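A quick write-up on the structure given underneath.
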Amino acid sequence: MDLGLFAQYVMNGLMLGMMYALVAVGFTLFFGVLDVIKFSHGDVVTVGAFTALAAFAGLHQLGFNSPWLDLVVMLVAGMLAMAALGMLIARYLVMPLRSAPALNTLLITLMLGTVLRESVRLFYPQGGNPKPFPALLPRNSIDLGSFNLRLDNVLMLAAGGLVVVGLQFLLNRTKLGLAIRAVAQDEETARTMGINFTAIVLVTFAIGSGLAAFAGVMNGLYYNEINFGIGLYLGVIGFSAAIIGGLGSIYGAILGGFLFAGLQTIGTVLLPFASAYKDVFAFAVVIAIMAWRPTGLIQEKISERV
Amino acid sequence: MIRTGKIITAGLMAAVLVLAAGAANAKDKVKVGFIGPLTGGVAVNGIGGRNSADLAVKLRNADPKAKYEYELVVLDDECKPNVAVQVATKMAADKDIIAAATHYCSATAIATVDTYHKFGFPVIVWGAVLPDITYRNKYAEVHRVNGTMINQNDANAELISKLGYKTVAVIHDTTDYGKGHNEYFSKALAKIGKAKIVGTFGVTAEQQDFTAELTQIKALNPDVIYFGGLTPIGVRIRSQMDKLGIKAVFDATSGIVSDAYIQGLGPLAEGTLAFREGAPTEKLPGGKFFIEKYNAQKYDNPPEAYGAFAYAAMDMILNTIEKVGPDRKKVIDDLGNVKDRDSIVGKITFDDHGQNTVAVITKYVIQDGKFVEWDESEYASGKRKLPGQK
Amino acid sequence: MNGYEPMAEGAERGEKAPAPLWPGLAALAAATGYLIALLAAENQAFIISLLAAGIAAVLAAAWLRLLDRASRSFMDHEDALAGCAVVAALAVAAYFHEDHFVLLLVITVLLYTVATLGLNIQFGYAGVLNFAGASFFGIGAYTSAVLNAHTAIPHLIVLAFGGVLAALIGSLLLLPVLRTRGHYAAVVTIAFALLFKTFLEVNDVLGGPQGMQVPGMKILGWTFNDNIEIGKISLSFYMNYYVVSLLLLIGAFVVVRRLERSWIGLNLDALRLDETAASCFGLDVVRWKITAFLIGNFLIGIAGALFGMVGSFVAPNNYTFADSLILVSILLLGGIGNPWGLIVATFIVVIVPEKLQTIQEYRFLLYALLVIAVLLFRPEGLLPRPVRRYFPGWRP
Amino acid sequence: MTQLLEARGLSKRFGGVLALDGLDLDVAPNEILGFIGPNGSGKTTFFNVITGIYGADAGSVTFNGADITKAAPRAIYNAGMSRTFQRSRLSLPLSIFDNIMIGNHKRLNQGLWFNLVRRGEFKREFEASYRAARALVEVFEPALASRMFEPVAGLPMIDRRRIEICRALISEPKLLLLDEPSAGMTHDETRELMSDILLVRERNKELTIIIVEHEMGVIERITDRCIVLNFGRKIAEGPYREVASDAQVQEAYLGVA
């Protein structure tokens, strides 16, 4: 395969991987602090994207239209709104069920996901139909042989990268990050250290959900189209990514995200059969990985007290 | 699993009731049905059809000479075969509903023909273009007022060849609709023998990311990308072509002839080709009348490409019931011999498969955000040029 | 996840004289009457008031502790009351013998119940997560689609095949299912659910997204898709399927009941509640997890195979992850581990949105809200599973 | 062979910690052996290793003449060893009877056909097991015998302990391992429970018991012999009185030299 095409595939893979990773990181953060899976995460991505779209429409009602202003307002609106939503979910759905079996939390958030998804479909104007999403980033591109390098893709990758690095910094270099990691390590000790457990949990959910909104906007800018269903798909993939990476490990989530995108791309390019099978292939590999590494690639320590 | 469409909207219901009250001498109520996609990517076409059928019923109920009081039962097939079979079963199983105008999406129409046959429920298809819907079996219950996709693909292949394009890559959705387009287009193109197909890609109707397929197409570097599918993925594919810097002509079918396609793409829609059987609504015999009446009702959605056919189908059903009475068997018998019946889409004649023959094909190109007839477009006049147009 | 009755009632139940039969009988009769009324109702306003009345009645009965008495008489006279339930089911069918659509609805309820009974073994008893219920249901349906169309295999055997195939394909997941726990186990079946639907969509041999027609059932030359004319009265062709579905449900119900009320049921509970302790008392965890998973999928598969023939059409979109979630929510709503609860829950989940046309669009939304409410306020479900009685009404 | 249980050089390591360090010990048939030592001295680990929950890193265990070092918990239970847990591990939603039957696993017919189809035979087995379980429960607390089909969740701590011990005894094991039976109970309750245990012993002289306990009163009252562990090593062995006066032991417990 000629180099340009190869580069093109790598680019496609990177873009997908970045979106998956951003979603997966959310799952892993939540699991870290509360040992729960918040399955509505994927649909928070959707709602985030639609909030941003609404903000865009609003701006144009008001007669603004500078792409950069749009972009900033959309991101801020989406991320803040989702951060708030995330906190509400944590406070009123996830934390009350802490004593119940883990499955109940999984189910209640799955159902919440359905509520969010259906609400977008039913209550957003024409929410059942795919929505065009504005292309706000500069569209200039250079042709390198059969590889078409677009500025907007590069910008999105860079932005995504920055967010991930920023998150790393937040977790490893700041007091807040220390507190989050302490809670993730051991709730009791964290409490005794005088850390406000509830507050930390809420903040973590806010951060994770904000990331989801970011991923949502990115998804919209990349495909220039969003629909109420994107969340289910992104959510499941993000979840799988976090799981194969190994829950509770940020690196695991990122690894998982790019791994999954890689699998899909490989599924398209190298496999003998039709490219449509790429998801079948990817999910089959996920199942295989679970059989091989039941607790993910970056193993999570589990010890049972007998 | 069990899914059914949305029933007629409350407002519509109210309207019917009011009319019922208004009617001086209370006539017998007769239920007739409409099925189309009211949600999902092609909803605008479904709603356009729904409104047109509703218009036919309203006008009839307003007509004092009408023998019966009609109530329109509307169900949503979401353009999904499984949902379509469920709503079709629901409607056909309801003995009070005499006949129906059904389906915009071929995938749903072909899935339901057996159901209608099983329940002996007479239907007239108003928008789906797959030939098999009428020709695969010989069901007395199934008829169609609009034409099939065969002629439009002939016209399509002819134009592509005339414009001097040599290589075509085909993308089609893997429902019977997309497969059908792929089949008939390939045949037509081969028959002319000027251009050849360099690659064919089947994609699922819910696919989001096409960069993989398009990257492979980019390697093949065709002059034209033929697309056999409906608006939603049409929009995605066209915009992702741009992402990958693919310059080829986007040559589509009747499946994207709707304003939603243009709204979804904005400037990117410019220069997309599309084809549709039947003359543009305003040029139909009853076109003026239809458009007038339609606008008078202040529906919040245009009739779209197939609205006129939906009106014609429903109007024919109503005429038949007026003539032979509300009895499925009798209706089927009467629709069995339809010859040169007047309608707003012109004279309708069903062949032995219940297929109306529509000769005219309209060629469209999108110019300045509008579907313009090719021959009247600046592309035909040479004022503008499609990529690589000779 | 494992509802058990509070002490108070336990004490009442102790080992006293058996509860009377009539409360259970009355409850059953009332339910049947109500169901017929609801199914027959056309007018929306009437339906809404009927539903409101139903809810009020249940609350009142609960408040007057009538429900407890009913459930206790169910516990002591289960076999007798189960028999009456079958009669009631036949009565419903007789009442609607000509009405295609109502019969189709009730058949759907019967077959979903069979499927959820299968899930219940896996998940309610053995605690093995399965978020791919709809997929295994679909495997059954596609089996009958292919076999009925291309082979002459007798259709009753095709049903069995549907079950076997579901179990076989399910066993591909055994290794990961057995090795993983909790969330990790969840992802296995979720991934499978998505894999399965995508596979059907891209795989042309099985009709792709277009789906396939399923030839109707024939048994010994008796064509199920023809209406039945007996003298003057004509029965809907769905009556055939109704009878078969009812028989299937009875079979599944008996199996699940006996399974629960045996050492095997005990083993499954033990390994769900504490695997380590169970293995310290000689329990072969792997063997019983496999047994539960396979039997469960088998039941789901058979139900799917029959449903395929009833619906006469299969397509990938019928068997999505969302549909699997609906199955799980039925389980949860009914009260995990209680077959009677499952029947009630399935009726609610299938019938109510059907009759309440005005909420059609909001169907999924309402399911979701309902399940959330149940999880928050009544995690043990509508009819919590009572403590195991090996033989109803048995006294030492 | 005379010993019921023989451990030779048994070692178990968790990360850096040696929980068991080359432990040798013998348990004679029919004796009641006390196991004492400070927290983390390896008592519970020893139980978990010999019952097969943890694999030993070194050494061997022979039970009733057979090597069970590598055996799975199931095999060890079937060979006639059963236990209680430090933190009660009953299945709370299940009835008293069900919990006891979990302990009876090896004597119940587990065949699918038998359980699903031959309900007549099953009923006979069920009734027999019911009588056995009831009889056993009556030894401990007659009041419980009439509540066999109530969930254990409703029972007070002491009754749960009793049920747990019944669960361990119902299969008539050769060796019974009791892991801190007195944990979380008052002195009086503990005393009651011990009398129950002694009563069981009266009825079945064959039964051998190893008991881990912090309550020295308990140890003194019921054990024939005891072993003191510290840092996974055996530091003393013998009748309670001797052991208690042993200097090392006092150091281990009280830190006095």
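The first chain written gets the first letter, and so on, giving A, B, C and D; residue counts start at 1 in each chain.
Keep this in mind: a contact is a pair of C-beta atoms (placed from the backbone, for glycine too) under 8 Å apart; a residue touches a chain by one contact, two chains touch by 3 or more.
Only a predicted model underlies this, so the values are computations on that prediction, with no experimental measurement involved.
Trainee: Keeping to the contact definition above, tell me which chains border both chain A and chain D.
Mentor: Intersection of chain A and chain D contact lists gives C.
Trainee: Starting from the Cα centroid of chain D, hunt down the chain whose centroid lies farthest away.
Mentor: That would be chain B.
Trainee: Could you compare the number of C-beta pairs in contact for B-C with that for A-C and name the larger?
Mentor: A-C
Trainee: I'd like the Å distance between the centres of chain B and chain D, where a centre is the mean of that chain's Cα atoms.
Mentor: Distance between chain centres, rounded to whole Å: 76 Å.
Trainee: Just give me the whole-number Å value for how far the CA centre of chain B lies from that of chain C.
Mentor: 39
Trainee: How big is the gap, in whole Å, between where the Cα atoms of chain A centre and where those of chain C centre?
Mentor: Computed from C-alpha means, the inter-chain centre distance equals 35 Å.
Trainee: Please report how many Å separate the Cα centroid of chain C from that of chain D, as a whole number.
Mentor: 42
Trainee: Where in chain C do residues touch two or more other chains at once?
Mentor: In chain C, the residues touching two or more other chains are 198, 201-202, 276, 361.
Trainee: Among the residues of chain D, pick out those that touch two or more other chains and give their numbers.
Mentor: 53, 85
Trainee: What are the residues of chain A that contact at least two other chains?
Mentor: In chain A, the residues touching two or more other chains are 274, 276, 306.
Trainee: Along chain C, where are the residues that touch chain A in the complex?
Mentor: 1, 129, 173, 175-176, 179-184, 186-188, 190-192, 194-195, 198-199, 201-202, 276, 321-322, 325, 328-329, 332, 361-362, 364-365, 367-369, 371-372, 375-376, 379
Trainee: For chain B, which residues count as touching chain C in their complex?
Mentor: 1-2, 4-7, 10, 80-83, 85-86, 89-90, 93-94, 107, 110-111, 114-115, 118-119, 173-176, 179, 202, 204-206
Trainee: Which of the residues in chain C end up touching chain B in this complex?
Mentor: For this pair, the touching residues of chain C are 99-101, 104-105, 108, 112, 134, 137, 198, 201-202, 204, 208-211, 213, 225, 307, 311-319, 323, 326, 350, 354, 357-358, 360-361.
Trainee: Which residues of chain B touch chain A in the complex?
Mentor: Its residues touching chain A are 39-41, 43-44, 174, 201-204, 206-209, 211-213, 215-216, 218-219, 232, 235-236, 239-240, 243-245, 260, 263-266.
Trainee: Can you list the chain C residues touching chain D in their complex?
Mentor: 2-7, 10-11, 13-15, 255, 258-259, 262-264, 266-267, 269-270, 273-274, 276-284, 291, 387-391, 396
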